[in-house]
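First chain written, first letter: the chains are A, B, C, D, E and F, and each begins at residue 1.
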Amino acid sequence: MAYNTHMSKLIEYEDASPEVRAVYDDIRATRKSDFINNFWKAIAVNPQNLRRAWQHTKEIMTGPGTLDPLVREMIYIAVSVTNGCEYCIASHTVAARNKGMTPEMFGDMMAIIGLANENNRLVKGYQVEIDAAFK
Amino acid sequence: MAYNTHMSKLIEYEDASPEVRAVYDDIRATRKSDFINNFWKAIAVNPQNLRRAWQHTKEIMTGPGTLDPLVREMIYIAVSVTNGCEYCIASHTVAARNKGMTPEMFGDMMAIIGLANENNRLVKGYQVEIDAAFK
Amino acid sequence: MAYNTHMSKLIEYEDASPEVRAVYDDIRATRKSDFINNFWKAIAVNPQNLRRAWQHTKEIMTGPGTLDPLVREMIYIAVSVTNGCEYCIASHTVAARNKGMTPEMFGDMMAIIGLANENNRLVKGYQVEIDAAFK
Amino acid sequence: MAYNTHMSKLIEYEDASPEVRAVYDDIRATRKSDFINNFWKAIAVNPQNLRRAWQHTKEIMTGPGTLDPLVREMIYIAVSVTNGCEYCIASHTVAARNKGMTPEMFGDMMAIIGLANENNRLVKGYQVEIDAAFK
Amino acid sequence: MAYNTHMSKLIEYEDASPEVRAVYDDIRATRKSDFINNFWKAIAVNPQNLRRAWQHTKEIMTGPGTLDPLVREMIYIAVSVTNGCEYCIASHTVAARNKGMTPEMFGDMMAIIGLANENNRLVKGYQVEIDAAFK
Amino acid sequence: MAYNTHMSKLIEYEDASPEVRAVYDDIRATRKSDFINNFWKAIAVNPQNLRRAWQHTKEIMTGPGTLDPLVREMIYIAVSVTNGCEYCIASHTVAARNKGMTPEMFGDMMAIIGLANENNRLVKGYQVEIDAAFK
């Protein structure tokens, strides 16, 4: 059976149901790599969540669009850093590096992420009202 | 005197101290526009905070670096949306548009921001451990 | 009856049940003021929540302890700014001002709040491990 | 003496003051189990915080009310996942499982948590105004 | 044409492209109501985001699953309150009420949301390590 | 060369460029201690970020101002706990202890941090409007 009693066990390819295997196969084909990272193996406990999360991620991160792959990763990282998701930071920093992010670019991105988090709070604390020009 | 008893009053150029005026002048020169938005006028209640926030913002958002101005704005917006800072979203969306962000680019960026916020939570809820490959 | 069908209606003293009035009376006595702010009137829709929230707030913010009233307010504001709770920022900034916070102190507090939010993110993004000395 | 110099040491039953023991006894009686988890042992460094947090948690999570025990746990988990509290996710997922949450229910809950986090950000980013019908 | 230069304009049915109208028609059919709330009209600026968000929301909130409709709404609200998304709180509180949430249930849910947010922070601040029993 | 291919490697004094060493020297002089904690070593991968973060932190946390050093640390901790930054909590709790925070003060501070996080959410969930008196 596809489910187990623990909520976060990792489902390996060999133990996976056909439905889960089909998603794993598509992940491998899309990424041109046999490596399946833990995120997919963990949510595969619920095959519907696996299918949905993969479709969503594939379409938005690798589908046609106006933003190049590295910019997509940097936006993803900016969110993950702000939310404090260590897993997402680690995995997408590797992904961004593989797409060409240099240490200098990483540093420039981090500076903006830090600045925005700081200014976001200054704005809230000073109770700044939105300028008519921005509406 | 430069301070007032209300914490979030807006300091207009004509009422500003020389120290505040010097910052306003630099904002205008840097942006090639007379418009000073409310953020700066609000934190000008504390001239040190104004000076510091402006220097920080100017250096990171407009100084030399590896990321082009529009990518900088998109990273800033990704943080601001995740933190729910309405002012920052409104002002930096206008800034991004002025730097060339089309509605299609805005939509593609928003899709990534939404996706990352979703996946960040799936990762936490499923208690996914970081793969050795990402360390 | 004490409840209404809308979730966030304000319960005025004259319309309140005896249970709610008792809390309102204690708020007035504790604060030495007739003013009841909207927070209490809103959660009074659920008298248990009103009683619980007031007891909690009264004990922690005005009960005996090692921190003086103004420091308590500044810690409260630091949380509220970070969470982006406009109501809490507005009400506790007034409370802090009434307890002696000057605009200079407000500005110095805001600078720290901004800085911590920035550094919190730098730490996460750079995946900094905790030093042995801090464990 | 009840305090120690380190802030987060765990207070075991045998080392606890009578005040702390009384809370531990009530935790055990309420849960019909000898197990005291680390959360209580850590905040027992400050007996007042222990007493307050336990009373609060006991009343809200196990006291009379309109929501069944499992729904209460799922609401608690939804918050903890959104805040990224690993400890709270781990402990309350176990608690929910003990109250009947199946892996399918866990997956359905996680899908909603992910979706809400995503839609929350889309709403903010698109600067959507509240419909008159929702006011 | 389907796009406009402003990022957050509302797209009304009569001004919508066939692609957008098809989604609006499905929203109306699914909800058995002509009312289209602002969220959908705002993201319709980017038809792909509209389609994706609606499919996602429809599947998770109204599709087959183990959780009843009201529990789904309460989980959604717990996330939205924690994130401070005013729009989402307003719209889903109305939705929950329409699915049977009484003021007492709302109050009991809010108490848990407040408690979890409080305990989440106590856990972090006291640096509590996860018990072996929860792993 | 000052950069390396990994984003979060620690830069030790002996491997540091003159620009980085100058910052390390100032950290040591300011703190009257040879210890450089991992935060600075990690962001030293990007010397500009190191310089900027240190200047910012030094000015705000140790420069002249209206708040005493311990209050500054408590405000910093309140933010870090709310954001769930484990590193920042660990390092600044040690710093606060070194500046005189007793376990009782830590507990009183934590109680306020917990309370504010709880009340922040009650305010949002009940959709409380700001009183005229707070504007």
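Everything below uses one rule, namely that a residue touches a chain if its C-beta (ideal position, glycine included) is under 8 Å from a C-beta of that chain, and two chains touch if they have at least 3 such contacts.
Just so we're clear, the structure is a prediction, and the values are computed from it rather than from any experiment.
Centroid distances built from C-alpha atoms place B farthest away from subunit D. For the pair subunit C and subunit F, the distance between C-alpha centroids works out to 23 Å. The mean-CA centres of subunit A and subunit C are about 34 angstrom from one another, to the nearest whole unit. Subunit E has its Cα centroid 27 Å from the Cα centroid of subunit C.
Subunit E has its Cα centroid 21 Å from the Cα centroid of subunit A. Listed for subunit D are residues 7, 43, 45, 49, 52-53, 56, 82-86, 90, 93, 102, 104, 108, 110-111, 113-115, 117-122, 124, 126-127, each touching two or more other chains. Taken chain by chain, the contacts link every pair, so each chain touches all the others. Of all residues in subunit C, only 7-8, 35, 37-39, 42-43, 45, 49, 53, 56-57, 60-61, 65-67, 71-72, 74-76, 78-80, 82-83, 85-88, 90-91, 93-94, 102, 104-105, 108-109, 111-113, 115-120, 122-124, 126-131, 133-135 touch subunit F in the complex they form. Subunit E contributes residues 84, 93, 97, 102-104, 106-108, 110-111, 114 to its touches with subunit C in the complex.
On subunit B, the positions that touch subunit F within their shared complex are 52, 56, 59. Note for the complex: subunit E touches subunit F at residues 77, 81-82, 84, 86, 89-90, 93, 110, 113-115, 117-122, 124-127.
Considering their complex, residues 3-5, 7, 43, 45-46, 48-49, 52-53, 83-85 of subunit B touch subunit C.
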